[in-house]
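A, B, C, D and E are the chain letters, set down in written order, and residue numbers restart from 1 in every chain.
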């Protein structure tokens, strides 16, 4: 009965993981496809498409994407934590409404957001802001709800007794946030920032409207290419950048980023 | 000195502290105002204009409610997003649980796998699903070859395909918010339940799930909103017969260039989400109040 | 010793409709060691929390060093607190936990290190600095909580059952350490405990709380020997509380007629002239006579049957039935040498009149 | 000096770099920044949202956007004085694109088919042949090809191009029943015919030619009933920063030699009748007044206006027919 | 009583490099009340956790009702556990917490209700069913944890310091309740406590642990009176442990020469023939003689100066310096009647040779 359950659980886990990885496997397989059509024929393969990647055409957009994503994850991490802190921790007035509003940017299709931002900036005469700065700002708006939500979840779980302990030991608000709250909610913050990174790194619909000519991000480059040819280079681009970021995350996790060591501490 | 002062209730305790917390909110508020609220305000303004005529008009709203297609698209969006939200949360929960609790060396691998789909672009992933689900796709091929079916199963170009595709897109977000929440639950509570004879399933049902409500709400909200505003996946996997608001909006923006009407649909979507997320946040807050009693915290 | 460190002025506290602390007034001079004793749920932790500033009194005022604390947040009250539930920081090592207060004060690194080392030494955990709280046993966690509170050497320290999870030996050692620290530094201690022996051994003064109010305040010996009410008599130490039906006065003594039985006891005449309601006899004040032969003058001589024997180690606790309505608890030495009473034995008891405390109704 | 040119990616980019941009840079000493971001409609949305200041100076779109942009006032009106080569274009085509667009290329909707499976068809009605049951794929309505196909079917069945499309929709229901469904992306559409899942479909002839050149067993025809062209235009947003150079670039693109290079490279038609191109290309592309006669030119502003209504009709009548 | 409920066979446990439990073997028959006593951090909780199934032993085997439990998960071992840190479900009311076990067993609603009511009654919290754990005091929470564990009436119950946060009065009441419950239902109790009086009062058998190993097992009286080592003697109860430098044997007695002083004590000859290393004298076995006049036969008569007096309520604890190297702790009755010794008094002490316990090195 019990082993049945644990087998069942593992099967479920395996099922979900298969579900998650299946299309990726297809894409990966396609990236090794010898024909220029994206097909699923794992028995024939070639690595030649990866060779095509080492060119400015792919490297420059890749670097730009990484740069933007890093900035976005840091900035949205900081202001997202601040916002979640105000809303969930300090419980400011109308905090529930504030929370809903903070999540709102998620709910507007990006194409609308894109057009709206461009319209707005043009209207107030800030066209010069279009391009990478606007791209970063728009991505932050996009990523902020994720950060806020993840951090809010962490703060909801935070044991306020610890805060009291800090208080009685003479820590002022800033010190308590720095030394007690932040370390305790670190996994949530990191999760949020990871997603901010990914969201920015993969964004197409917003970016299409905001990129500056000559300075395009990787996904935009990909989608433009894709319009014309559905060939395995695409798959190879994706697989390569996926592996890169996966390595970064894996490293993060190994260093101890996402795992909490927090249990069994207070009674 | 000798008069007994009535104690000040904690809520109005220090105005300074309150203003700190508003300050903490301000960068986000500023960002959202400039890059979200004002632009969206503009869109709302546009929704009341009629380009040809100029000036104020509710024509686009009239059209939204009367053309039949828009309201149908709205309902389709709600149903699809609801299904995705549920699927993501249900499928994500076991993975999140494993990630939150496991100390096995596979943990990091599973973690990476769970995030992996996010790292491949949406479009490409969707092609991946196409290759799998199409009439001439992987699944139908295998089933046909095995003789289990005689004609391809309708796996693509319908609600099913879109829900599958979107679930796949959103799943990592669900997993991460659930995981964050489950990690915050004291493991000794699980042990206590086990000691009282609760099976693994009961432990999850009676202890873990109720205590991870913030995470579940997060997961549902994030999934719902992401699904409802997603464009590429429904467009590619839903086919011509399955249009949701997001696809309809982008048609209006790009193809018909009818921005007032696009703005009306966007507003409808916004309203739907505002209601849903307020309900969600409110539910969570109620839950928290109930859980934490009248404010005193011990053990 | 003269200036008042902490003063509670008619403090009350309710949670919603539940009234938890009721009109407490208390003055604690600087350098005093005050213990708060009381049954579970009587409001001890709530009172400490109000002094610390985590709860605001519903009514009344709290003053620290003469200043009303209405708007002062906990971190600015300059007092320490050992939490009943430890509240250790799970993400910090033991050393970081203990050093936290000093760090917040802006102490230099070397100062923090030596402060941590000495605090850990005084809780006997010098080798545990590098561990995380989750890697410690319950008692070790409790000691870390204690070390964390004493490391910054606050001038006022509130302790909420700080030794409850320690074994006797360690508890005794810690008591000495704490007492020494307190006296050395002239700190004011407010010590909540459920262990009356501990309270007796350490305190200058004991506050007994009951149902949110103060039942009695006084020195350890006086509380034990002169309880103000039958609640205190019963709560502090073991005691036989007997209801008195009537009295007849003698010159310097008082004869007490016990309710529901024909037994009378002679007691010292109490100084005050209240109506006697109960009398209280400590179990250890009842002597078990080895043989029923004459001796001791014959005052308050009783005989009864042993109904229960509990061996507490250093002593035996007997329940002796004198009469169907009067069962006395008697504490007698257990010893390897003497033959010990067993169930069913008939024993003779004697009580010195001076040891009978007469209490008002 | 620099000039920002927005256009498409993929093979288009390679060819335009070689055939047009490199010679232009050499000739005028102007640096061209090539911006492959966005489809024509995305580009137009960007131009409109920025009020004509999208950050690029020249953009490749189609006649539909040219007309719209003119009406919305976000595209510069082009003038023979600054772009002398405008005068060399076939007037009917130039007129179809309105005053804001310079027609630099003409494609048409062709009937693409697998020559290893089918005998050469000659008419749009071939799509209704019984052997094509389940062997065709159709564009979605957001691909302008869809409405052009309806219009062609309408013309064949007694209706006309814009005023009475009902016969066309009626016929399309039958075509839809033959089809395996609808796809928006050209890349996906062509993947079906590449792997043989479908045997015939409407397709822009430029891309069809690329497939033929790639050696696939496919070919395409201009059906005997004629067809509707895809008129590609060069446009200049009103707020362009380098208007001078933009005009130079457009004029250069319309130059006889440039047009010849472009037609030879990208295998499309031209609005100039005086271009000299190999016979193989001339046979299949629009390069002369005679070719123009085989084309039907619906009024694109009317089409744009009626599109939403037709979309409803398409969704209601045509889409459900494909299962 | 005969069948073995729980059996530990050479069980060891390490966390990483830290060895926490070392080769413990123990058999607990059905229906027995076993207490585990030991200093903080000696491995008590870890041992319970292994029996409960939360930790797997690094070596050795755990058997419950004869079956090895290697792969049996905690919920299927059919034992109850009261957690040292309570682990109450914060999202459930007190009643739901207490009823959880019954609910998991699939009990009917009415059955759950009555079970909850009776469990709450036995911890004196009948009116608290509707509260959430956060609305309770520390001691109340602890009692809820206890009620929750006993409500489903498991046949084996592990208790980890279940009464540590209760006051003496309540603790005594709870002891009786627990003991009664245990005997009524024939449950097996494994009771971890740091309170030796509690262990003595309740247990059939006491296991004393030290640094992860078992130091002694035995009945309460025998552990107190016949400690197997100086550690046990020192740990269980208060005691004077004196180092012996040499002995001279008499017929039935043994003269002990104390290290570093000229004092000799006469003791009963121990049955075993080991080298005597220490002797242990309980403070309560040292009599304080009122006058230094003759009496008691003169054996083991000592005199010394009182250096410290602690009033513990029922008794006084004196530190009497006999000699610069020998300071004895003496427990004597405190009484209203007698005049009490004060610091600096010179007192005469006498020790019955039977009360001196000789221990091997």
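In the analysis below, contacts are C-beta pairs under 8 Å (C-beta built on N, C-alpha and C of every residue); 3 or more make two chains touch, one makes a residue touch a chain.
Here is each chain with its UniProt name: A, B = ABC transporter permease; C, E = Spermidine/putrescine import ATP-binding protein PotA.
Remember, it's a predicted structure, so these values are computed and weren't measured experimentally.
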Fill in: Smallest number of contact steps required from subunit B (ABC transporter permease) to reach subunit D
1
Response to the item:
In contact with subunit A (ABC transporter permease) and subunit E alike are the chains B, C
Practice prompt. Based on C-beta pairs in contact, work out which chain pair has the most and send it over.
Written response: A-B
Fill in: Distance from the mean Cα position of subunit C to that of subunit A (ABC transporter permease), given in whole angstrom
57
Worksheet item: Per the centroid of Cα atoms for each chain, what is the distance between subunit C and subunit E, given in Å?
Response: 21
Worksheet item: Distance from the CA centroid of subunit A (ABC transporter permease) to that of subunit B (ABC transporter permease), rounded to the nearest Å?
Response: 14
Worksheet, complete the sentence: So subunit D residues touching two or more other chains come to 39, 42, 45, 185, 188
Item to complete: Going through subunit B (ABC transporter permease) residue by residue, note those that touch at least 2 other chains and give them in order.
Response: 186, 188, 199-200, 253-254, 294, 296-299
Worksheet, complete the sentence: Where subunit C touches two or more other chains simultaneously, the residues are 15, 45, 73, 84-85, 135, 138
Item to complete: Please name which positions on subunit D make contact with subunit A (ABC transporter permease) in the complex.
Response: 4, 6, 8-12, 33-39, 42, 45-46, 49-51, 53, 55-56, 185-188, 191, 194-195, 239
Worksheet, complete the sentence: Contacts from subunit C onto subunit E in the complex sit at residues 15, 37-41, 44-46, 84-85, 135-140, 143, 160-161, 164-171, 194-197, 200-201, 220-221, 224-225, 234-238, 282-285, 310-315, 331, 333-337, 352, 354-355, 357
Response to the item:
The answer for subunit A (ABC transporter permease) against subunit B (ABC transporter permease) in the complex is residues 2, 5-6, 9, 12-13, 16-17, 19-24, 26-27, 30, 38-40, 78-80, 82-83, 85-87, 89-90, 92, 95-113, 115-117, 119-120, 123, 137-138, 140-141, 144-146, 148-150, 152-154, 156-161, 164, 173, 187-188, 191, 194-195, 198, 201-202, 204-205, 219, 222-223, 226, 230, 234-235, 238-239, 241-242, 245-246, 249-250, 253-254, 258-260, 262-264, 267
Fill in: subunit B (ABC transporter permease) residues touching subunit E - in the complex, by the definition given at the top
186, 188-189, 191-200, 202-203, 206-207, 210-211, 290-294, 296-299
Discussion item. For a test of understanding, state which residues of subunit B (ABC transporter permease) touch subunit D in their complex under the given definition.
Written reply: 67, 69, 130, 135-136, 157, 235-236, 239-241, 243, 251, 253-258
